[in-house]
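Letters are used for the chains, namely A, B and C, taken in the order the chains are written, and counting of residues starts over at 1 for each.
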Amino acid sequence: MKVIKKVLGEDLRQYTMVLALVVLILVFNIISDGRMLTSSNFQNLLSGNAYVLILALGMLMVIVIGQIDLSVGSVAGFAGMVMAKVAHDFNLNWFVAVLIALAIGALVGAWNGFFLAKLGIPGFITTLGSMMMFRGLVIWISQSISVPAPDELRFFGAGYMPEWGPAFTGMNNSTLLLGIIGIVAFIYFELRKYKHSGEISGQKQPMWAVVTRIVLVSAIIAYFTWLYGTGREGTSFPIPGLILLILVIVYHIITQKTRFGRHIYAVGGNKSAAALSGVNVSRTYFLTMMNMSMLAAVAGILFVGRSTAAGPADGTQWEMDAIASVFIGGAAVSGGVGTILATMVGGMVMAVLNNGLMLMGVGADKTQVIKGLVLLLAVAFDVYNKKTGKASIIGRLFPSKETEKK
Amino acid sequence: MQKRKIMAMMLSVVLATTTLVGCGSGREGSTNTSDEKKTEATTQDTASDSEGEATETATATEGFEEGATIGVSLPWLGTQNWKEAETMFTEELEKAGYKAIVQAADQKVPQQQQQIESMIENGAKVIVVGPIDGTQLGSVLEKAKDAGVYVIGYDRLIENTAAVDGVVQFGSVRTGELQGQALLDGLKAEKGDGPYNVELFGGGPADPNAPNFFKGAMSVLQPEIDAGNIVIVSGQTEFTQCATEDWDNAKAQKRMDSLLAGNYSDKEIDGVLSPNDGIARAIVTACEDAGQPNPVVTGLDAENESVEWVWQGKQYCTVAKPTQDLVAKSIEIINSLQKGEGMPATDVATDNGKIEVPIYELDPTVVKKDNIKEVFANDPDRMALLKD
Amino acid sequence: MNENPLILEMRGITKEFPGVKALSDVTLEVTRDSIHSICGENGAGKSTLMKVLSGVYPYGSYDGQIIFDGREMKFRNIKESEQAGIAIIHQELTMIPELSITENIFMGNELTKSGLIDWNEQRRRTVELLKKVGLSVSPDTLIKHLGVGQQQLVEIAKALSKNVKLLILDEPTSALNEDDSANLLELMRGLKEKGITCIMISHKLNEIAAISDAVTVIRDGQTVESYEVVAGQVDENKIIKSMVGRSIENRYPEHTSNPGEVIFEVKDWCVEDPEVEGRMVCKNSSFYVRAGEIVGFAGLMGAGRTELMRSLFGRNYGIYKSGTIKLKGKEVKLTSVEAAIENGIAYVPEDRKNLGLNLLDSIKKTIVSANMKKILTGGLLDSAKELAASEEYKKALRIKCKDVGVGVSTLSGGNQQKVVLSKWMFTEPDVLILDEPTRGIDVGAKYEIYKLIHELADQGKAVIMVSSELPELLGVVDRIYTIFEGSITGELMASEADQESLMKRMTVTSA
């Protein structure tokens, strides 16, 4: 036990959800005769859920500031529809269409942010209004007819990285490169942290723990590199997955390493105290809502890319999936608590569950029932553990970096 | 500072390699290596080579083993016909010796996309797709194609992709023709000599079938309108004018109310072209409310309530599209594919935006009061409705 | 059989939490019809003892015996202790603001007639109860329309409605101003005469001295001393000595200030109430503070002290009407808290839990939270710098904690206040405004905070200290302004002032 603690950090409870995810994957893999852990299935898992996970990134920040955004699905649908419409009807270049969609996301976010930050109308009500408005607008501008999207967008929604370089690697070399970069970066940061670890608090962590951690994480990255890299020729780690990965890194840094990130947690934890510490509360509200809608537009674009057309019902109830991911990841309804990485784990639990049940041929009806139960149980377990002071399942992947937040 | 630089470097390296180095060869040039994955991939390639030629008659292919897995993805189970389809597919496919995966997606496009992917993962040889939105399955169906899976559209056209081998449906233009003809027959039988005062209704504009129903009906009615035997009093003869958003009965009833109020204060209405049963009943109700004599109204789907109305004479006719026929045709195609005989021949094809898709059309049945007992002779549930 | 002179005996009470022994072998004997004070530092175990008594911790979860009114009691919950005649009034008021006095008093014990609430009877009884506690307002008044002192009285009325024999008041005056406090103490004396025994937990030694018949001191979960006293003749220093376990010769550290130039000057400052149009909460306030000087602001609660300070701190409160701020001789416009911080002003709010801290945060995140620019490396927060800064303050201010990574919610009040002070010292301010910096903090920690304030002044900072405890002001600051109804009514050198002269200016306008 002590050994494990040394490797993973003091706070083992943060790994409960990760552990649940691993168990879930392995169990489904056994039940489905190994059809879970295949290249193509994991490619599907990422391409098929990237849009929800991207929404969850923004939703986490919204929930941390103590608000909720119900309009993300409608906004995603609206941005995607406008993009398809302008590209189709006015023959605009796909790139311009994408920019227009992102701009719409920003505008809608500013709209939501204005009502929340400047007029003080709770986010729930503001975004309930937007949810109806933009759902209506999607149907209005599309007249309930699906619009085909530019072909180039397919690359973002369902594309793969190119094949290149030597063939002896036996896998997609783009994926291989990505994996190598991941491993090298992890080793670099671990060693740097190791170097700094003794300087202030006086106690250096043991070298063997660092090495074990490096070996463990590298093995995991290597395994997934192999899994994604050895799929059917022409496939690789999927582009939507790559976009997600980049966004996760960017948002992890924003929330943990920037002043704006700290402001989000401060506002969610205690608004008045934050205001008295020099945090511009209404600006924080505004930017968080704006960011959410922009990510909604990104999600909408990816989805349209994957679907090859924008439909009038796109985005229906996506907000619910995003919110569920955030709460399974251990965020608090009252705000101030939650992390990007834990949210991603929460989202992946939902995605793997969905995927595994489909592989087993379970229908959509029963899948819904099971997903609902899992959400409830995960949060109940979390609340129960917090009450009794025992382990909490708020997952944080790398607690050695950030042990402070519970 | 340093950290940021490194992060930026990492990202740019990934992006640069993914975009610029696309010219290299990688695994594509390595088919001669003895890697087993490669061999598998090449056989699949041959299988999917038939894509573009699918419009022609039976392409000989290799077929697949008996008892193979067949996937069926349905939009939802919210109405009678889809629930029937689910039960029939499960039963019939298993009777034919296949392993059936029948799933419904609760009207959610992402759910259906993922279901189709999981069917591919499960090694399905053929996937029958009743799409929620026929335009939104492009990339997943292409994945199916790449994996050598046959894709058959069910009941609705699959658009905006080349990755579809054929579509089984009741001919929608043909359905419209039958509706138009039935309306004409009804008018002659019930309303004496013309000219007849008639109004037209279309289905939901989002449904690709709706304009076809209308087109079919107009092909019968237009000559009569031109000859002056039928008068469209409101003058609304374009599909966009007559369409009913989302097939919404309430919207149809509102339109009928205003048509009657605006045009029929001094006239009687003789007949209405209705695209389905729900709208037909809405029209009949509107006419009753306006004090008009019961007009000749067509319908579609043979819904229980309308079957009763036809029997009582309130609705002139409906058109039945037995799910049984669709399922039987689908399984016939699957059997042909299994034996290696390829897609059966058909001479109908439709442009879906990318390719000409072969259509396997079935003829629906017009149900009127005089033939209703024959049509439903084998359907005890509906026979029970026909009380005296 | 009721002739037992003791109404309550608690014998050998021991209560353990996982890893901590909160109470060990505590004995408490309370005489019938008396006022019994319990003192002790924060965390000494007073509240735990009262929770044992009132059944919050059910029988079986502690060791020892409770004998109430001659019988051994085994309370399983609060309801049972209430039925026995024990009522507790908590530090935090538990009234529902949107409901009326009547509704609140009978909440959970509604009087019914044939299944429906008997409003007339409830109202009649409420009027009676309100008369008993000396409150003359309509029973239909909503709680939110009452002042804090009045709410406290309603709480007591509620307890009386349950035929209480023993009333426990947990820091009853901590949120009250001088007048209301005096009222409350008077009421307690009246209750005693009516045959209701009171147990009072308090930090305010002057109040204890004024009304107690007996005092029990608890330290580190043990009874240190328990003796009878004569109200009005209590030796405060003796109590302090047993509370902290050492004698504090002087409650206020010695200090001589060396004031320099005037660096903070406010002229004709006017601020309007954000809720009530036309009502001014600050009226033409003008004052100045020199570098290295400690200036006190004395005023009763509601006099506008906090409002003045918060409006100066980047217009955090109220609607700015007119007035100027000069920093080091230069006029500045501080329209946001951010701007105020950038110009070297820091404000430590009076309400630590609601305004001073994000209780979800760790110590180190809190310390850097008002000046994150200082720990940026290449635009990103540097956790090494953060750790270094917080370790530095932990050492300098002797913050008692396992690790600066733990949450601030795990700290005691005094240590929390030190964290808040660290947070503002980290912004390197020239002007430090401290609003009630020692509220809810025990005597030992108060002494440390006073020393810290002196150190800050010695570093050449201008320190403003707002306090409602006059002895504290007189003991710590150099110069005192008095405030009454939004106006500054006087300015006195601390060396020349005494409590009476201050109080006079705090209650009447000098004009």
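The rule is simple: a contact is a pair of C-beta atoms (placed from the backbone, for glycine too) under 8 Å apart; a residue touches a chain by one contact, two chains touch by 3 or more.
Just so we're clear, the structure is a prediction, and the values are computed from it rather than from any experiment.
Chemist: Quick check for you: compute each chain's CA centroid and the global CA centroid, then name the chain with the smallest gap between them.
Modeler: Central chain: A.
Chemist: If I rank A-B and A-C by number of C-beta contact pairs, which comes first?
Modeler: Result: the pair with more contacts is A-B.
Chemist: Hey, how far is the Cα centre of chain B from the one of chain C, in Å?
Modeler: 73
Chemist: Quick one: chain A and chain B, Cα centre-to-centre, how many Å?
Modeler: About 36 Å, centre to centre.
Chemist: Round to the nearest whole Å and give the separation of the Cα centres of chain A and chain C.
Modeler: Spacing between the chain centres: roughly 44 Å.
Chemist: Give me the residues of chain C that touch two or more other chains.
Modeler: Answer for chain C, listing residues that touch two or more other chains: 379-380.
Chemist: Would you please write down the residue numbers of chain A that are in contact with two or more other chains?
Modeler: Correct list: 253.
Chemist: Which residues, counting only chain B, touch chain A once they are in their complex?
Modeler: Touching chain A from chain B are residues 6-7, 10-11, 13-14, 17-19, 21-30, 33, 35, 37-38, 41, 44, 76-77, 101, 103-111, 113-115, 117-118, 120-122, 132-140, 143, 146-147, 159-161, 204-206, 245-246, 353.
Chemist: Tell me, which parts of chain A touch chain C in their complex?
Modeler: For this pair, the touching residues of chain A are 196, 199-201, 253, 256-259, 261-262, 265-266, 269-270, 272-280, 336-337, 389, 401-406.
Chemist: Applying the document's contact rule, which stretches of chain A touch chain B when the two form their complex?
Modeler: 32, 35, 38, 40-41, 44, 48, 51, 143-148, 154, 157-158, 161-167, 170-174, 177-178, 181, 185, 188, 230, 232-234, 242, 246, 249, 253, 303, 305-309, 311-314, 316-317, 354-355, 358-359, 361, 363-365, 368
Chemist: Within the complex, which stretch of chain C touches chain A?
Modeler: 18, 310, 313-314, 316, 336-338, 340-341, 347, 349, 354-362, 364-365, 369-370, 372-373, 376, 379-381, 383-384, 387-388, 391, 405-407, 423
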